[in-house]
Structures are given as C-alpha cells and as structure tokens.
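In the two complexes below, chain A is the common chain; its partner is chain B in one and chain C in the other.
Moving on to the complex of A and B:
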C-alpha cells in the first residue's frame, strides 16, 4: 500500500510517501513528481519518514527525473529515510547521485541555502 | 527448512510475496537490513518474470521455494514462461539510466549486488533461477 500527499510550504513542495513503493504502484509516484515538475516550483522535498519499503521500480522513478531536475534547475531533496530504505539507495550508490538528508530541517536548509 | 509459495502473476501480489519471505526469514539471525535486501532481490526477479515473461497474466504463476540451511539460503524461482536468462542479461550503467531517463533496469543490478551466487537453467518445461546467499559461519 502506498499513499502520497503533496503540500505546498513557503517556496517548496513536500511530497510525503507513506507505505511501500514497488512495481504495482510506482506509477503513482511518477505521476506526482511529473505534476510537481509541471508547475513553476523550483524546490521539491520528499518526506520519506513513513516510507517502509522501496524496490527498483521506485528508485527508477527518482533516477528518471534527475536530468529534468538538472535541466530545469529544480532542487530535489529526500529526507527521513529509515535505515532499510537508505540501504537500498546505498547499494547502487544512488545516495551519491540524489541529495538525501536525515531530517526535515537539514533538508529545508539545503533547499534555501543553495 | 523449506518454504514454498505459488505466486500468481499480478503486480498486486508483490506485497504478499514480501510477507511470505519475511515470515520465512524471521527464523534466521539476519539483521533487518539483510532481510530487507533478500526480500528485495527475490522480489526484483519475481517482478521481472511477472511483467516480462508472463505479461501480468493473473492465471499464470511462478513457484518460489526457500531453502534455509545453516550455511546458506537458497531462493529457487521456477516458472514456465518465456525463458529469461538472468546470467546473460547485461545490466545498464547507472549513468546511462540517468541520461536516457529510463525507469527500469536497476532491479537486476540490485540482485547481483545483494546475492552471492546466481544460477539459471532451463529445460523444455521449466526455467529455474536460484539466488544463493551465504551465511556467515559462527
């Protein structure tokens, strides 16, 4: 099960993921990121505190937008991943390619200080 | 100890697959991170078969057997769809995945990083993929 909430705060969007992302629902994550990118927002946060599991289908969604973020100058930061989920990013070295922070404060700081 | 699951080829069944593997692995001394890695690797192979070899046909199924031994865990995944030789498959480079904005291709890379050994064999009736994880001896 996956539920996704998108909220606006200051100049950024927060996409909160709740549950498990796998091949059955990664398209929902894809649609939300696409929607976020279709607006004029330049800063996107992903709240991963309640993300319990992610498979390659979910990782692939994030990876497929890295070029778009770069081209559109969008700052994209994930925060709050539990150690199991963080480990999955780490196995492929994706934690070196995607900005990942421990807390919401650190994540927001990196968005606004950049 | 052996555990066996008949998994129907629908993506919505992946959560059920994860619960089944988690239950089997709960008897081991593996850390939560290691258990999650094994669940992920098996799910990646099964998701691949469900989507690419069985076109998500809910009437077809694959068999997963988990053999828990003191020295190793063997996950045997058997199906009779289009044979997919996981050993011959060449995983893409991460940079190419980013450049081409691909959403797929990372799964089997994960499987290779997580498992110690991968075996594949096929005959006229079945394709068998074996994922082997060695356990640290005490």
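Moving on to the complex of A and C:
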C-alpha cells in the first residue's frame, strides 16, 4: 500500500510517501516525480517519515532521476527515513548520491542554503 | 443354424429351391401323364403338397437371409426390389401368353403337359415375388420397432407356417375351414399393415418414387392373383398349387400393405416439407454444436447460423452485423449479407433506428438481457423484422437481422428455434475462445519452463574450492525465474574468485539482467583484477546494457588460500556476514559501496572501497541476497540482520552445508508455510579449514 501526497510550500514541493514502495506501485512514485520535474520547481523535498519499506524497484525510481536532477539543477532532499529504510539506501550506496536528512528543518535548511 | 458362411448358405438355398421346383414339376408331370393315359397307381397328391411346402420354406429362408444382409439399404431400394420382382413375374406371364398366341391353333398349344410346365413357371415366379415382398414388408414394418410389433410379426410367421400345412389337413378347397383361415390371415395382415413409420422419413422426391413403385407392386399382385385363379378355372387336369392358404394369405398381405403404404404416402405428400424442415433444423443444430474446431474460425460458425436461421424461418433477406470490439481492436462490420443490397440495408437500418421497438435497442447498443426484438416496419418490400443479439462471454458480439416480406412473418416456433440456434452459436464461440486461450496459456507455461531450465543452468552446479575451505550454495526464486546470481572461479591452486549478486526487480526481466551479469563476470574475471577494479569495469559494462531504472548489487571477493587473505569490494550488495573464530562472534563487513548501474560514469570508482582481511581456520563467511533478510512473516515483520547473525553465532562450528541448511530452514520457519516467497533467496556459506 502506498499513498503519495504532493504539497507546495514556499519555493519547494513536498512529496510525502506513506506506506510501502514495491514493484507493484513504484510506477506511481515514478509518475509523481516526473510530474514534479515537469514544473518549474527547483527544489524537491521527499517526506519519508511514514515510509515503511522500499524495495529495489522503488530505489530504482530515485536512481533513474539522479541524472535529471543534476541536469536541471534541481535540489532533491529526502528526510525522516526510519532506520530500516535508511539502511536500504545506505547499503545500495544511494546515501552517497542523495542528500538524506533526519528532520524537515535540516532538509529545508539544506535546500535553501545550497 | 449351421455356421456356414452367408454366401454359401445363400447358394445352397438357391440350389435347394431349384431342385425342389424340378421335383415338383417332375412329380406333377408324371402324375398328369399317368392320368392322361389312364394309368393306375399314380403318385399321391400329398407328395406334391409337401414339395410345395418345402419350396415355400426354402424361398422364405433364402429371402430372409438376403434381406438381412442388406439391412442398411434405404427404403426406396427395398421397394424397388419388390416392384422389380413383381414386374419380372408379370412380364414372364405375358411372355407365356404371347407364346401361346403364336402357337394358336397348333397341336402343341393344346398339350396339357406343356401348359402344366408353364403353370409351374408362373407359380414359381409368383411365389418368389410374394415371399420376397412379404419379407420386405417385414423389414418396413419392423422399422423403429417396439417389442409388441416384433411379437406380432413372430406370431404372424408362425401362423403362416401353419397355413402351409393346412392343405394336408383339409383337402376340400374353399370350404368353411379354408375361408375362415383366409379371413383370419387377411385381418391379421391388416393389423400388421398399420406399421408405416418409415414413410415420414422419405423426402418429397422419394415419396413420389415410392408411390410409383407401390403402384407397380399393386398392379403386379392383382394381375398375378387373377392369372393364377384363371388357370384354375381353365383346366381341371391341373394339380392345384394355388389353392394353398399360405399363398393366398400372402397375396392378401402383400396387397394390403402395398395399398396402405400407397395411400399413406400419398396423403403424407403435402406435409412432407414440414418434416424435412424439422430434420434440417436438427442437422443444423448438430452442425452448430460441432462447428468450431481448433484451427477454424468464428466466422464459419456464424455462417452456419445465418443459413440455419434463414431456412428455419423462410426468411427473405438477412444480414449479420458484428459490433466493434474495443478490447480486441476490431472495428464493427457486416459479416454476412444475403438477398439484400448495401443500399437497401442502409435504408432499412435508417428506418429501424426510427421505429420502435428497434430504435431504443439499436441506438443505445446495450441489450441487457434482451433475447430478441420482433415487429413490423414501414418499408415497401420488407414488412416484418426479427433482430437477435448474439452474445459471447456476456458481451454482445453482434446482431442478426432477419427480414420477411409478409406482415407478422415470424411465429413463436420460428423465433424459438432461431433463439436456440443463436444460443448454441454462443456456446460454440465461447468454447472456441476458451480452447484457444487454454492453448495459449499452455504455450506460455512451456516457455516459462524453458526459461526456468535455462536459468537453473546459469547457476553453477559445482562451486570451486580446495582443501582449505568448504563452500555450499542455495538459491530459490519467487517466480519461475529469478534475479539472484552467484558463481565461483579458480585462477590456480590457491587463488579463487567469488561473486554474489542480486538484480533489481524480479521475474523474467530480472533473469535477463542476471544472465548479462554472468557474461560480465566471465569476461572480467579472466583479467585477474582486484575487486575494486573488477566492479568499476563491471559497472562501466553494465551501464551500457541495463535499462534506466535497473541496477545490480553485487559483492566480489578474491580468496588466496596460501596467504589466507580475502579481498573484497561491495557494489551496493547486502554486507557479508563474517564469523571470526578468534573473536568468537560474527559481524557484517560493512564498507562503502554503490550498486552497479546507479552511477553510469567514471565517478563510480570514488564510491567504492576495497576491503582486505586475513582469515583463520574455523572462520565462516556467509554471503546472501536481500530476500533472506527482508523475508516477511505473516505479521509483516522482516527476518532481519540480527536473526541472521544470531544463527551464525550459534552454528559456526558446523560444516558449510549444515550452516547453509540451518539458515534456510530458519528463514522458512520464520516466514511460515502459508506465505509464498515474494523475493528470490540465495545464500553462499564458506567455512575455512586451513
């Protein structure tokens, strides 16, 4: 089960993920990021506080947009991942490529300071 | 009856019949010769009668035999056989008369012996005709027989047999006894003659033919009867062969049945088209139910439906319109169109769309449970219309339009039968589709099995090792094919390479990427690279083949058993679990790493670390894929890293195989039997010994 909420705040978009991302619903996540990228927003925040699980297919979605973020100069930050999900990002090495912060404040700070 | 072959038995009967007839002729001629010359002590008449009876019985047996051999020939052939025998007997009789006409006035024409000879010829042919006809009637009477009819016929045969011998008991001709017997036989013949079930099965043409043949039979029978009787009156010198109850009874029976058949066939002529119609419908129905075989198409069954429906209702014009099938991407079309032009059809359609009750159905195109619509329309040619939707798999496939020029042209029976046809068509089409689907699924299943076999062969059946360590592996896929991969390579006596990998996603696409990984491994391993270089080159190669959002996690190890040294690098794969004998505990070898295919440029190298360590005998290394640690039980809890580490801490002293088995068993026990695995599991266990 996955539900995704997208809200705009100041100059950034917040994508909140609730539930689990696996092969069956990773397409939804893909569509949301695609939509976010198609606008003029330069700052994207992913709220992972309620993300319980992410499979390799879900990680594949984030991975596939890394290049686009760099090209379009989009700042992309994830925050609030629980220990287990964080570990998954870490093992794969994605934490070396994506800014991952503990709290929303830290995340927003990194967005606007960069 | 003796078990002689049929043909021989037939020949024997013929021989016997001819011999008996000659004996009869000889006896009678001798007696007549004696009487003419007034010689005493002539041959008694009983001998003649007995020979006559034998002659009848042999003929009866012969024809009974020969007809049962032709059991399956049609009625018309049987009737023609009787008619032709009758014609032959009649013509022979005419020839004899003509012969006497030629001899007129000569001495020979007055010769009683010659006359007697011809009498015997006539008698023989008449008997032949009567007996063969009677047996043919038997065949017709017993068509669609019931037990009662069979019993009636058997009784009749017994009575006929008795009647043959009547002449021996009662020598006075035409007395009360004789007359009583004859009347009894006639009445019995009438009772039997009501069995005429064969007649309705004749077609119209066949009925006409059978009427003709029956007329011939009636005429022949009547003529032969008159002729035999006239012989009796002409010359008292003859030994009277025809005053036999059997022969006269047969005359009566053959004549009565022929007359009955003639009349019934005649009166059946007008209704025969109805019967034929019903028969055609039954055949159409059967055709519809058998029509679709694998390899044939649905249009053929619709074609049969059209023809059957049109003939069932005497329709003047018809067409069949298939609706557009959105899912199969088929446009709507007119499949069959009979006795109507395109222009007329379009005119009619326009009228129908304006006329109730058709308009509401045709404009909305959703029939619900509607079975048919029937009504009249204001059109100059066609006055009544019947529309029947054809359904398959609960969807309306198309509509059948039937038109007639008369008002109220469709009655309840016609609509019923057409509805039945349409129903049967739907069943046939549904069955056909199911069958095709089943065949297709079967093919997919086979191909998946092949993929499974191919993939199994990608995992090594034997793992390279030497006496310094044991190694054991296990792999199970969630789907038929999986994305987990492990392999070993031996450089020389002391140097080995090991790899374990997991392709993102699962199923067939993962299996394809896994086979690419195998190719990359075998190409690069031969270069004898360090683990970090190996992974950098593997990343560079796979970056060019993997799809955008696919990646592969892997860990690559080189083992040197002489130096007892392990070097490894981790490309985003689950950290290896290592049990150190010295420390008495196990830990995860967590070093920096990055999955293959995530960073698709040269900067990949900077995200990778290379580890180096020495092992001691008794140390254990467990490599696994995320399916193991992420295996979930029914409460949604994951098996986890801690569980895995604890198992190794308890079982480090076992052999590699036993450790592997323990871990896999624990995972399965944790997950529970009810839950199907939703990821691939793989595990490699290595136990160092020296």
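As a convention for this text, the second predicted complex is superposed on the first by the 114 of 114 C-alpha atoms of A that agree within 3 Å, B and C clash if a C-alpha of one lies under 4 Å from a C-alpha of the other, contacts with A are read in each partner's own complex, and residues count from 1 in each chain.
The definition used in the following text is that contacts are C-beta pairs under 8 Å (C-beta built on N, C-alpha and C of every residue); 3 or more make two chains touch, one makes a residue touch a chain.
Remember, predicted model here, so these are calculated numbers, not experimental data.
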Partner touching more residues of chain A, whether chain B or chain C: B
Should A:83 be classified as contacting the first partner (chain B), the second (chain C), both, or neither? first
Looking at the overlay, what does A:64 touch: chain B (first), chain C (second), both, or neither? both
Where does A:92 make contact in the superposed view: on chain B (first), on chain C (second), on both, or on neither? both
Take the contacts of chain A with chain B and those with chain C, and give the residues found in both. 23, 30, 56-57, 59-61, 63-64, 66-67, 84, 91-94, 97
If we count contacts the way the header does, which residues on chain C are in touch with chain A in the complex? 502, 504-506, 548-551, 553, 571-575, 592-595, 597-600, 607, 626, 638
Show me the residue ranges of chain A that touch chain B in the complex, using the header's touch definition. 1, 20, 22-24, 26, 30, 53, 55-57, 59-61, 63-68, 83-84, 87-88, 91-94, 97
Which bits of chain A are touching chain C when the two form their complex? 23, 30, 56-57, 59-61, 63-64, 66-67, 84, 91-94, 96-97
State the interface residues of chain B toward chain A in the complex, per the touch definition above. 11-12, 14-15, 18, 32-33, 36-37, 40, 43-44, 47, 50-51, 94, 97-99, 101-107, 109-110, 113-114
